[in-house]
Every structure is written in C-alpha cells, then in structure tokens.
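In what follows, structures are represented as structure tokens.
Below are two complexes that have chain A in common, paired first with chain B and then with chain C.
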Partner chain A sequence: MSAVVATRGLTRRFGRHVAVADLDLRIDRGGVVGLLGPNGSGKTTLLRMLATVLSPSAGEVEVFGLDPTRSDERTAIRRRLGYLPQEPTLYAGFTAFDVVDYVAVLKEMTDRAVRQDEVRRVLGAVGLTDAMHKKVRTLSGGMRQRVAIACALLGTPDLLVLDEPASGLDPDQRLQLRSVLSAHGQSGTVLLSTHHTTEVAAFCQRVLVLLDGTVRFDGTPAELAHLAEGHVWVDRSGTHDPTRSWVSADGTVRAIGSPPAGAELLEPTIDDGYLLLARGLTVAG
Partner chain B sequence: MSTQHTGGWHAAHDDLLAYREGHLHGAAADSVEAHLLRCADCRAALATSVPAEEQAARWDRLAVAIDRPSRWSRRSTWLRLAAGTPELATAAVSLAVAFVVVPLAAAALDPRPATAWFLALAPALPVAGTVLGYRAVADPVGALAEATPLHSFRIVLMRVAVLLGALLPAGVVASLLLPGSAVHLLGWVLPALAGSSLVLAVGTRYDPIWMAVALCGAWAATVAVGMDRRRLAPLGEALDGLVVNTFAVQAVAVAVAAVAVLHLSRHRDELAYGASA
Partner chain C sequence: MTALTRPVARAGTKDGRWRRLRALAAVEARRTARSTWLWTGAAGTLAMLSLLGDADYQSGSYTLATAGFTALALGVFVHAVHSGGRDRAGVDEAVAPAAVMDGDERATARLLGLWPGAAIGLLAALVLGVGERIEGGYWVGESLWRTDAQVHSVLELSQIPALVAFAAAAGLAAGRASRRRGLVSVLGAVAAAALGFTSWAWQWVPARYVTLVQTQPIELDLGPGFALSDTPDGWLLAGPNEFESSWRRVVVHEAMAGWHSVYLIGLAVLLAGLAVRGRAGARLALAGVLVAVTGVVAQVLVAPASPAV
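On to the complex of A and B.
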C-alpha cells in the first residue's frame, strides 16, 4: 500500500529550539489518525510541514509520494489536501458562505454553480446551513471553528490535516464532527491533533503521542490504554498527589504510576496511558 | 373595487385574482396591498386562491432568492482574489485620492516646496501600497488559504496590481497638474516601480515591511538633501538636475526593478507571508 504521508529524519528548528526532531513516520491511506501531545510538543509544527505550509529544516517528507519542498509537487499535493490551521482567522465582514466560497476559489473551483453547491454541502456537513448567510462577526467561536472546518472539507480531499478541530466546539458539535470525520476516514485519510484523549478513543484507529518533537507512542487507542496496565490503582492513602491521582466519577481516587504492594488495580483508560507517557511517570516492568 | 361584508370592507374577489396574477398596477395594486396588510380574511382568501403546487413553487423561488449568495460572492473569481478585503479596496481608493488632492492643495498655497515635496514623497505611496497588498489586512481568510493550490505570490501580485493600478495613474495625474515640467515631475515613477518590485522580491523570503520603511526613508533623505542645495533656485532649476532626475538614479531604478522582477519570476511560488511561524 502506498503511503499517504512518509517522513524520514524530519526535523524543524526555530532558532535553537528543535520543534520536531528526526521524525520517521508513515501513514497509509484510509482511517483517522489522532496526534496527541502537550502544548509545545511539536504537533502544530509537524502538521504544518505535512500541510505544505512550513518547510523542514532537515530530513525528508513526502505526501502522496510527492515532495512539498518542490513548488510544482507542492501544488499537486495541495490539490488533494484539506487543512485546518490551529487558529484560523476569518474576515469578520464576510458571511460564512463568502469565507468558504473564497477558499473554494483558492482551491481552483472555478465553475461558480458547482462551487456554490459544494460550499452549501460542506456548510451543511458542519451544521451551518441555517447560519451560512450570517456575518462572521455575529457567529460564536464554535460556529467560526465549524466554518473553518467546512473550508478544509471542500472538494472531499484525499488527506485532511486538522489542527485541533474540536477546539471551541460543544459536546453536541463534537459528536457531529466525529461523524463527519469518521465518514471522511472511510474513503480518505484524516490526521488530526487534539488535547482530548476522549476524541482519540472515540474515533481514531491509530494514535501517535508526540513529546518533545519525537513520536513516543504509535499504536491503537487500546494499545495506548494498555501501556498503563498494572499501573492504575485505587489510592486509599488519603494524601493523594493531584499530579498522579484524582477522584473519579464514582468517588474512588485513581492513581497512576508504580502501585504499592497489595494495591487494588483498575482497568486503565487511554487517559492513563497518555498521562504515563506525557508526565514521564515511572512505569516499572 | 371592494365590497362590504358583515365584518367590514373586503377586497373584491376579481381584484384579488388580478392582484394574484400581477395584473393590477398603480393605485389599484397599492390599494389592494394596503388592504391585505390589515385584513386577515382577504389574506386567507388570497392564499387559498393559489393552487398548492403554485404555492410550493413560489416558496421555492423565494427560498432561492433568500439563499442567493451576497453581491460579493457573485463577483468574478479573479476580481474576488485581487480585491482582497473591502478595507484593501478602501485603502486603495483613499490613497489614490490623497495622491492627487494633497499635492495640488499644497501647491495652491506655495507651489515650489509643494512640488519638490511631491517629488520626494511620491515613490513612497506605491511602495506603501505594495506592502499593504502583501500583508494580512488584504487577506480575508489568513492561514486557511495557506495550503490551497492558488496560495502563492500570484495572489499577492494580483492585489498589488489593483493597488498600483489605482495609485500610479493618480500620481501621474498629480504630476501633470502641478506647476513645473512634467518630465521632471514624473521622475518618481521609475523609483516607485523599483521600490515596489524590490519590496515584493524581499517578500519571497521575509516580511518586507522593514525593507519598505528603509527604502522610503532613504529615498526621502536623498531627495531632501538634493532639494536643500537648490532651495533658493527657481522652480524649474530646482527640479532640473534634482537627484531624482539624474541619469544615475533612473538607471539604478531600472536595474533594481529588472533584478527584482527576475527574482520574482524565479521564486513566484515562495511566499514568506503566513509561513514564517
């Protein structure tokens, strides 16, 4: 199977700071891949390089087998790509329709009737049919985020690169987003970054955990949860460390790390696996 | 025209039918319309007189009319890209008007310094306009555009073409209307084009605003030094041989413009804007 994304030794520096370090990655066609990591871990930098908007400092990157550092191949990649930046800015005086239509023009949709049908389709997909002719300045933060997601969906791209798409969305809207992206993952490939492990657990087939610019975990959400097998227990000490333990919904105190002798072990979740990695908590054995 | 029923006056059935078909005009149509606004019975009678299929078709036509994209999105594709934001278009028009009005108003008060200052400052406006076309104020969708096939220097060049298309003719008009020789007063055109090209060329790698500021400052200082030496000369002599009108300056302007355009043609897909972070 040909890779949609392939990187070898991919590195990006900003001055002395290394945002992405010597990263090897391969993503095949189909499915939804979640990118987890704390702020500053290099998620946005990696996505920007894969979305062809940032050039690498070193290493190789291929998208659809093409090299984004070559201008002709970069344009060919962009024709098959949908990209949602982390902080999209929309012109406040445009309507939602105008914004998406403008991006559709930039995506070379020159036939006006076809383009406007597509604009209505993607705005409908994100639940903005009723608000499509409202000015951006009157839209809520969640609605603006959905306008930006609609722009990324234009033309049903083969690869969707979404930087924190669930940001600013309420629970209902997140469900709708999962549905849209899951459907997209049936035919195309979706790569999204998020802070929410629940998003990853809910609809990603593969999860990557990025820490300090390198991939520290690559597997399924279940495998990420399994990392914490034997390292989540009920803390009955009454003096729990809030960075390692917290009160769960049923009132018990969950703790992660190396359990004391005789501790009651709990079924780990993807949260536990991620926290073990992200906080560098000791995993014995 | 109307008939009286037990509940009050109502529009005649024939009038309602004629109104429905669009056959009533002028005062008769106004009269029926005014009555319909306050008479629920006649509105109901009018509504039921239209077949259900026709009603559905009319709602569809209304929905299409409401759903029609705004005037902005009906403009031609390329004009939309070139026009950028309404702020950019407003800035282009405002700068063009100022380019004509300000020097002429100043010349009406005191022609010699006004004309000399026009010559000194004229290249700065197109250079400023070029930077304006490059920057985020001109771009309606910001980072959302970055990964699209058309996002490249072509879009910036289109916006800059719109700005220069407004500014350069305005400057030429001002030059022709000011006192003094037009040949001398048009000396700013080549430096302006060279400055704009250089700003764009720098924009393939860096945000060019500091290049624009440095260029405009250096230009104003150079011309001001030349003016200082000739401040007591009559207008014609003050402009003739002023540094801007020297062969060397004009030749350098042509050379800079040529190098910048060559660079742009080779790096037209490299746009520093939006990709620096």
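On to the complex of A and C.
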C-alpha cells in the first residue's frame, strides 16, 4: 500500500525548544487516524508540517510521495490536501458562503458555477445550509468551526489534516462530524488531533499518542485501552490521590497505576491507556 | 451535518497560475466595487468638486479640481489596506494556509482586484475634463483684455488615475505589512488631508516634483522691470496681491504634469512590488524605483526656469 504520509527523523525546533523530535511515521491510504497528546506535545507542529505550512528543521517528510519543502511539489501536495488549523482564521465581515467560496478560489476552483455548487455541498455537509448567508461575525463559535471544516472539505481532498476539529462543537455536532469524517475516511485519509479520547475510540481505526514530540504509542484504540489492562482498579484505601484516581459516577474510587495486591481490577478504557502513557504511571506507579 | 455526498467539484485541476489569479481578482474586484470605503471616498471627491467655482482667488478652482481627488484616493487606500490585510486578520495563520494560492499570489490577485477603484479615478478624470471644456474652463489669469481661462490638459488629468493607482498599491502594501489596519487607515487619512486640503503648501520648489498631489498653475515672477505691453497676448497673468508684490506669469506646464504622472506610476509600481513580494515583486519594485526617479529628474529638467519659457 502506498504511503500518504511518511516521515524519517522529522524534527522541528523553535529556538532551543524541540517540538517534534526525530519522528518516524508512516500513514497509508484510507481510514481515520487520531493523534492524541497533551498540550505542548507537538501535535499542532506535526500537523502543520504535514499540511505544508511549516518547514521541518531536520529530517524528511513526504506527502503523497512528494517533498513539501520543494515549491512545485508543495503545490502538487496542496492540490490534494484539506487542512483545518487549530485556530482557523475566517473573514469576519464575509458571509459563511463568501468565506468558503473565497477559500475555494484559493484552492484553485476557478469555474464560478461549479465552485458555488461545491460551496453549497460542503456547507450542507456541515449543516450550515440555513446559515450560509449570515456574516461570520454573527455566527456562534461552533458554527464558525463548522465553516472552517467546510473549507477543509472543499474538493474532497485525498488527505484531510484536522487540528482539533471537534473544538467548540456540542455533542450533537460532534456526532455529526464523526459521520462526515468517517465517510471521508472510506475514500481518503483523515488525520486529526484531539483531546477527546472518546472521539478516537468512536471512529478512528488507528491512534498515535505523541509525547514530548515523539510517538509513544501507535496502534488501534483497543490496543491503547489494553495498555492499561491490570492497571485500573477500585481504590478502597481511602487515600484519594487526585493525580491518578477519581470518584466515578457510582461513588467508587477508580484508580490507575500499579494496583496493590488483591485489588479489584476494572475493565480499562482508552482514557486509562492514554493516561497511563501521558503521566508515565506505569513507571512511576 | 450529513454524510458526504458525491463531490461536484474537485480541487487540483491543472489550472494555470493566470487562471487562478484571474478568478481571485474577479472575486476581489466585486468586493472593491461594493466597498463602502471606495464610495465614501468618491462621495468626498464629489463634495469637494461641488465647491468648484466658489474659490474667491484666481486659480483656486483650477487647483481644487485636482486636489479634490485625494478623497477618492483615500477611499481606495483604506479599501486596499483591508484587502491586503485579509490574511493578517488571524492570530496565527492566514485563511486556508495550505491552499494552492500562497501569500504572494493572493497579493497579486488582490492588486488586480482593485481595478474598479482605478477605473473610477479614470472615469472621474474624463468627466472632469469633458465637463470643464463644456463649461469653458477656470479663471486662472486676471489681466484685462487677455485670455484668463484654462482647462486641465490631458497630462494633468492623468495625474488623477495615477494618484488613485498609487493609493491602491500603497494600501495593499501597508495592509499586507501591518496587522494594525485601523491605525494604517488613520495615517492614510492624515496624509490625504495634509496632501489634499493643504496641497498649496507642497508646491514650492523642489517639493512640487515629489509631492503626491501636484497642482498647477505655476506662477513665475515677472520682476520689477515688467511692462504689461511687453508680454505676449497669450500669456496668463496674475497681478500683485496681499502676498505678492509683483506681476507673475501663470503657467500650466503640461510636460511637468506628465512627468509627475510618470513619477506617481513609478511609486505605484514600487509599492505594488513591495505588496506582491517574491522575485516578481523585487523586479517590480526595482522597475518602480527607476520609473519614479526618471519622473522626478525629467520634471526638474523640463520645469520652467524663467517666465519666458
């Protein structure tokens, strides 16, 4: 299978800070890949490099087998790419329709009639048909996010790179977003970052956990949950450590880490697996 | 949101650069044509032109006719600042930072999309030129039994679209360079007021060669030995007043006006280069410098040195 994304020793520094360190990664065509990691773990930097808007400091990156650091190849990549930045910029004085139409022109859709059909299609896909003629400045945060998602969906790109697409969306809208992205993953490739492990568990076929600029886990959501097998238990000690335990809905204290002897073990979730990795509890606990 | 339906358009067709520039320029041109700033500027110019004929001093109306276009230029400037600054509206990245059209291409298209502003400037200059020829011109000379009226020449009228083109390029360059569009617009308004309402203050030598709003006529002192009968009938003359003690020849110097337009166009090309950036921008900027310098040097060379010129 051909790689949509391939990196070797990919590194990005900002001054002395290393945001992405010596990262090797391969993403094949098709499916939805979730990128998890705490704030500052390098998710956005990695996505920006893959989306051709940030150059690496060292290492190699290929998207569709092309080198984004070369001008002509970058253009060829961009023709097949949809990108949602973490903080998307929209023209506040434009209507939602005009913003998406403008972006469609930037994405080389030059035929006006065809372009406007496409604009209506993507706005419909994100549920903004009724609001398309409202000015962006009058839209709610969730609606603006959906306008930005619509921009990324234009032209049904082969690769969608989405930086926290569910940000600002309510549960119903998140559900609808899953529907759109999982459908997109049938024909193309979706790479998205999120803080919501439930999103990853819901529709990602593969999950990457990025910590300190390196991939610390690469597998399925079930495999990530399985990491915590034998490390989640009911804590009856009465000494509640808020860094590794919490009172669950049924009133019991759910703890993660190394359980004491005889502890009542619980079925781990993807959240547990992620927390174990992110907090290094396997080692410390 | 609903699941994706079959796409009706696809990005990444093999459109040429010119085709996408044209498409974005068309979108920008529609926004320019609807710009509140542009039409407010045009209304300001109309208001200033409506004062023509009210000037109570010789050549006052003649001067005001061209200086009045600074309002239109200001409107074009402010619109261009907003157009050039579109991609600086965000905290971090431009709109669609991974789109095929990069910042330099966008700036080029936005520059081309300002054409309605330049077209309005050109049209207004034509209307002014035709109108004053129908009306019989403006009072610029004041000696009895002589010609005392003058209309703006074509080369003088060319200063109007050249000024508007300069304002468009300056606004685009400033908008692309600065996030503070409001402040840049205010500075533009201050400059327009200083150069437009007080255009008379900038006509001293050598400021008149480099000022953005050059107004004519030029007055050339005839000196103490002057006798009215010694001057040709075709000369326009101005007599002594509270500021001047002697008679002066009033000259509308077409070549100077023409070369001043060349200077303005050079500045516009220079600023367009700064707005567009990249290799093409550098070439434009260099060409603009050469044209602007040529315009200034030529004005100095052709400027009348004595009343008998």
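Everything below uses one rule, namely that the second predicted complex is superposed on the first by the 282 of 285 C-alpha atoms of A that agree within 3 Å, B and C clash if a C-alpha of one lies under 4 Å from a C-alpha of the other, contacts with A are read in each partner's own complex, and residues count from 1 in each chain.
Here is the rule we use: contacts are C-beta pairs under 8 Å (C-beta built on N, C-alpha and C of every residue); 3 or more make two chains touch, one makes a residue touch a chain.
As the structure is a prediction and not an experimental result, all values here were calculated from the model.
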Request  = Consider chain A as the common anchor and indicate whether chain B and chain C clash or fit when overlaid.
outcome  = clash
Task = Check whether A:97 is in contact with chain B, with chain C, with both or with neither, and answer first, second, both or neither.
result = first
Ask   = Regarding the shared-chain residue A:204, is it in contact with chain B (first), chain C (second), both, or neither?
value = neither
Message = Output check: A:153 vs chain B and chain C. Expected answer is one of first, second, both, neither. What do you get?
response = second
Inquiry  = According to the stated criteria, A:192 is in contact with first (chain B), second (chain C), both, or neither; which is it?
reply    = neither
Ask   = Looking at chain A, does chain C or chain B touch more of its residues?
value = C
Query = After superposition on the shared chain, which partner residues are touched by A:78: those of chain B (first), chain C (second), both, or neither?
reply = both
Task = For A:51, select first, second, both or neither according to whether it touches chain B, chain C, the two together, or no partner.
result = both
Query = Is A:133 in contact with chain B, with chain C, with both, or with neither (first, second, both, neither)?
reply = first
Task = Select, from 3-11, 21-29 or 57-65, the region of chain C that bumps into chain B once both structures are placed on the shared chain.
result = 21-29
Request  = Please identify the positions on chain A that touch both chain B and chain C, taking each partner from its own complex.
outcome  = 51-53, 75, 78-79, 81-83, 85, 87-91, 99, 101-103, 105-108, 110, 112, 151, 161
Request  = Give every residue of chain A touching chain C within the complex, in rising order.
outcome  = 51-53, 75, 78-83, 85-92, 99, 101-112, 114-115, 117-118, 121, 124-127, 146, 151, 153-157, 161, 173, 176-177, 179-180, 183-184
Key: List of chain B residues in touch with chain A within their complex   = 66-67, 69-70, 72-73, 77, 80-81, 85-86, 136, 140-152, 155, 269-270, 274-275
Ask   = Which of the residues in chain A end up touching chain B in this complex?
value = 51-55, 71, 74-75, 78-79, 81-85, 87-91, 93-95, 97-99, 101-103, 105-108, 110, 112, 116, 133, 148, 151, 161
Note = In the complex, chain C touches chain A at residues 1-5, 7-13, 15, 19-20, 22-24, 26-27, 86-87, 89-101, 106
